[in-house]
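Take a look at the structure below.
Chain lettering (A, B, C and D) follows the sequence in which the chains are written, and residue indices restart at 1 in each chain.
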């Protein structure tokens, strides 16, 4: 039955996070001292505080000690956190969404019993998925509507020694949460095919290089991870190699909504106090209409993102006949990325010169929504994926 | 609980309408003979056939003999019908949504018992709401952020004679369904304020002038209705004067989605068979990306329209804390109107010269989505309404 | 750098402006609204315009014409289009082929065809290129594909070419007295090496006009079908060498390159008309006692319309000057692409402003929008843009 | 009509192009990345450019400058901006006030201030207009409001004006040696009738420079705070009559009107740089063995970038010519508005194309986009557009 009401838990957690952001995060995040430098460090103390609220273990089921949140709920939380600080939202969303998949679906009993208590106990325990390498060959580009090569080459190799231990060598690039993770889930190639390995950060032979925080073009934590003869015991292999269970596009879209909302809320507030032509600028048709367009963009973006999130949570619904079969995550990403970048720019315009000053938050919001629009291979690739779906090409 | 699954009845009725459109409506609607003339008459036989399916009484509860559809279901039906023919969709949606409100909420027992059987029995029995007059003073325009004058003047007057009968005089303009209605719900001014009267079309003193079908800038049926000493018995007064229960913006948006979808589906089909540069044009990146953008527009538009429809069906949900309080019907209208006009234009572009020929359907789809974008006072007025909501101005 | 016009240019501009104002505008809308597409032409208008010199303007003075330069041509087209875009195109369509007569015909041919053209005020020219799968509607022929290209067959029989086949969408096809026809003279090689140009008078035996296409816009400007059944065209009517019609250099400013400028200059006239209409409405239409021009949203739209129009004008004049200087660049193609975006946005903005009137859309504004949509196909579809971009990026 | 450049214009253009290529480009990105905004200036570059004549280019030849016309000014600004927009602006900021010296100063003042300006390669000019609630950031002052307008107070004390107050966001505020300062000399009347202009050297007693603003773009071009505490400026430094600073006619091409052209010409340079970068990437970067330029979506973007850039160039050159002819129109304002849309879309399209590289965004492209955002505030916000539209529609 079609129903857009959130349940009580969702509303409660949203209100909790919203208050937390207002009281704890925003005052730190928009302080000029934090905005002005080129590469302010990750706000670890805020991340820790948010973790204490349980946001790190959000998607772990209640039986296992988490909050049992689905992707939709993760989106709601991510948006609220990102209204305060996108870096905080990003680190927690990454850990939360990985932890759910990992502890609920991928780990065997022994692994879960070994790792879960540690994870739940330590609020600084973050997780990273080490999969991407220097060159992504999953983009469509020239291969639009041409037969696909399925072999996605992985250069990180794992070899089993005579004791059964795995020896890992290779480099993973631009890994989210790399600098804060205590556990990496590493995708590696073996003679028998690809595997996933659980690699604690404290293992020997791991080196994490943080990607330049200024100009590195990312939100949250990002690093390159090099494995040099990194030895991992046999029991750390994950039984399944189901990379496709890691899917959090929806959540990253929700972070973007949060950023744009922060821009919008700031702009509305400012437009009520800024006087031009004898009255607050919000009373000017031109500014009013601009803010209305931003509001529309936000509402529409959130609506389609939630639909994509719900669809990820309920994968059978396509066969039930109420959805079109097009990749909704792509649709949500493309449409929200464009709308939200425009929303941030339009919001900043209400500020005049203050919209470009580094010690004011608007330039940060624009920059972050711009990064979102231009992440990975950009929107064209997503569009071409939809185009192939429209054409029924496989 | 958030849930985007349609229920079984909704899916069943959608599939029924979809088949009906494919088999009965589309072959007639896209026939060159029907497309080419400047002012083809309303396709009455198709409207009658659709009525036989029960689409006219859609929103009347099952207890009273209808299908018990909410606004969301009406949107689903309207979209499917409009994929075939927007005129048919429009006439039926108007009758269906008025009938629900009227028989379920506004009529007293006597009135219902007198009128409902006739309505249910006669598949050519349509209803029209005669409210608008020559000049609408509800637009914001210059009055953005100025104190509102609340008096909306009605020039159609009703005077009660000594027998208690009402004598109506005045003209209503651009009334939807005017040319097909057997019953008008007329808003009139009395010395004691505004009232609603039930006026059968066969009453003396009514004259309906159809608005020019070419250039009249409407979909469905539209006429001006003049009342000259039109006498109505006292029992035809409606106890409540709740004009605001008549709300079907969502449904008209859904009709627009149907039109754009027809354009899109035609374009996809054509792009698979049209050869350029040695291959079907759907295999060109440029066409693929364009069709993807159209598909995105359709999905996003439908998603926000359904949200607005559901919210109209569930008006308390705002207080439950999961919505923003902005006028969602306006948001749905603005964003969908722009997206869908672009969708129709882009679809037509895939057709080359065939996109502008009057005996081909594309020019009709463009024209209809253009009318939707530029209906009444256009999008600016809706934007200013949202702007006032954003500013908290009342 | 000099943006001024010389006296001769100014004189032609004023003549065209006067003609548009006094002769074209008064009949424009009425001709547009004629239902039968074959009846839209107004020979009296053509005769009057011809007597002023518009029909024969680009034929050199030595040959009996007026020999106006490209700058003057752009000025005249824009001024006439300001009155009615399709009427302007009906005149300038003659110029396109006057250019070709000047550039490619022999002295004997010029003598034979120019005199009747110059003498007869109703003698308009056409060009037969497009076929069902070839021509302006199939702009991306695969190189080397024997099945691509024109299929209208011409076979030599003594001193005659014998023609069999059909042409579609031919501009002035219904009314022209002389056509420049592209025929396939060798099917054993790719069409680029097997196509020949012929001069075909309307009274050629075996040729007959087919149906007149019914377009949604540009209704005055007729497109027709041409049917050839053993039509006999003397070899002396052949232009250039056999099979070499498509070997003309990319470099000269005649023919196709004129076509790019032609569409851009014509669009400029529509933009001028839209600006004029919008500004006049904003200055004179009042809503509740205040003129529309007092509204910021109306002002912003008028500013944008003017901005886009003046940018297009600047670029059009630059390209016209380049043509006069025989400078070859991608600017002609680019300004044609730009004119599509500009003419559509400007006329749609005009419609936005007219939304403030309420009721059905002004028919004149509706016409501007309909006329402008033709550009999507002629000047701004992805193939037209890819062609120009290809030259930039090669 | 003549779009060609004369020899002198070409010579200056080539000088600027060479300087941009050899001196500006090599240091542009490095200066942009300096964290402290006060350290971004490179005096060696200023000196080198000054020796070529860029700093003093618009001072008339008789007065010891180069007396270049507006067309040449536009050419130089665009060429320098192609290397670095902010560096170009640092030079042209001097021209703005050279115009004013020529137009409004007395002979005695010219003698006193021009010579040091001409002699000192590091002598740059500034203008103090903006205050917290007045100036370029408050462009819509209510007519007649005594509280509106500049609050920097100047009181007469013998032969001196005594100044108290602050200016904000002052271009070259941190480095200029001479300022054109707008001060309030009468608070009893609206500021339009109570404002006076003064020439204020940097070493005026009682004046000190405040903080240097930290902008997200245009980092080389410094904006600073100016603080006046009983600063004493001789009455002989006054420009024009007391209280009449804002009474200058709308009509002359100097000062403000130059400012419109300046931003448009500068934007053109950024567009050229973006096109250059995008085309070069498309030609040289390959993805799985195929060059980017083979992709239709890349081509379409490059076509669009070129189209928008060339349209802007055409319009900029037209406006420059109009200035040289002392033709007064709304074109200067319109081309400034247009430059905002163009420079932002073109640089964002460049970013789209760079998406194909993957990884962090190219820093040079990121800089182009950041620099371009400045236009929103300076040239394209709604107030800037309303101002121009107001002149069109009046």
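Following the convention adopted for this analysis, a residue touches a chain if its C-beta (ideal position, glycine included) is under 8 Å from a C-beta of that chain, and two chains touch if they have at least 3 such contacts.
Not measured: the values here are computed from a predicted model.
*Asks:* Compared with subunit A, which chain's mean CA position is the farthest off?
*Replies:* Result for the farthest chain: C.
*Asks:* Check B-C against A-C and say which one is joined by more contacting C-beta pairs.
*Replies:* B-C
*Asks:* In angstrom, rounded to a whole number, how far apart do the mean CA points of subunit A and subunit B lie?
*Replies:* So the centre of subunit A lies 40 Å away from the centre of subunit B.
*Asks:* Can you give the whole-Å distance between the Cα centres of subunit B and subunit D?
*Replies:* Once rounded, the distance between the two centres reads 52 Å.
*Asks:* Which positions in subunit A touch two or more other chains at once?
*Replies:* If we look for residues of subunit A contacting two or more partner chains, we find 284-286, 289, 380, 384.
*Asks:* By the touch rule stated above, which residues of subunit D touch at least two different other chains?
*Replies:* Within subunit D, residues 295-297, 300, 382, 386 contact more than one other chain.
*Asks:* Name, in rising order, each residue of subunit D that touches subunit C in their complex.
*Replies:* 1-5, 9, 71, 279, 282-283, 293, 296, 299-300, 302-304, 306-308, 310-312, 314-315, 317-318, 320-322, 324-325, 330-331, 334-335, 337-338, 382, 385-386, 388-390, 392-393
*Asks:* For subunit B, which residues count as touching subunit C in their complex?
*Replies:* 36-38, 135-137, 139, 141-143, 173-174, 211-212, 215-218, 275-278, 284, 286-287, 290, 345, 348-349, 352-353, 355-359, 363, 366-367, 370-371, 374, 376-381, 384
*Asks:* Touching subunit C in the complex: which residues of subunit A?
*Replies:* Contact set of subunit A toward subunit C: 284-286, 289.
*Asks:* Applying the document's contact rule, which stretches of subunit D touch subunit A when the two form their complex?
*Replies:* 33, 35, 37, 130, 133, 136-142, 145, 148, 169, 213-217, 287-288, 290, 294-295, 297, 351-352, 354-356, 358-361, 363, 366, 369, 373-374, 376-377, 381-383, 386
*Asks:* In the complex, go through subunit B and note every residue touching subunit A.
*Replies:* Residues of subunit B touching subunit A: 1-7, 10-11, 15, 72, 144-145, 268, 271-272, 282-283, 285, 288-289, 291-293, 295-296, 299-300, 303-304, 306-307, 310-311, 314, 317, 320-324, 326, 328, 331, 334-335, 380, 383-384, 386-388, 390-391.
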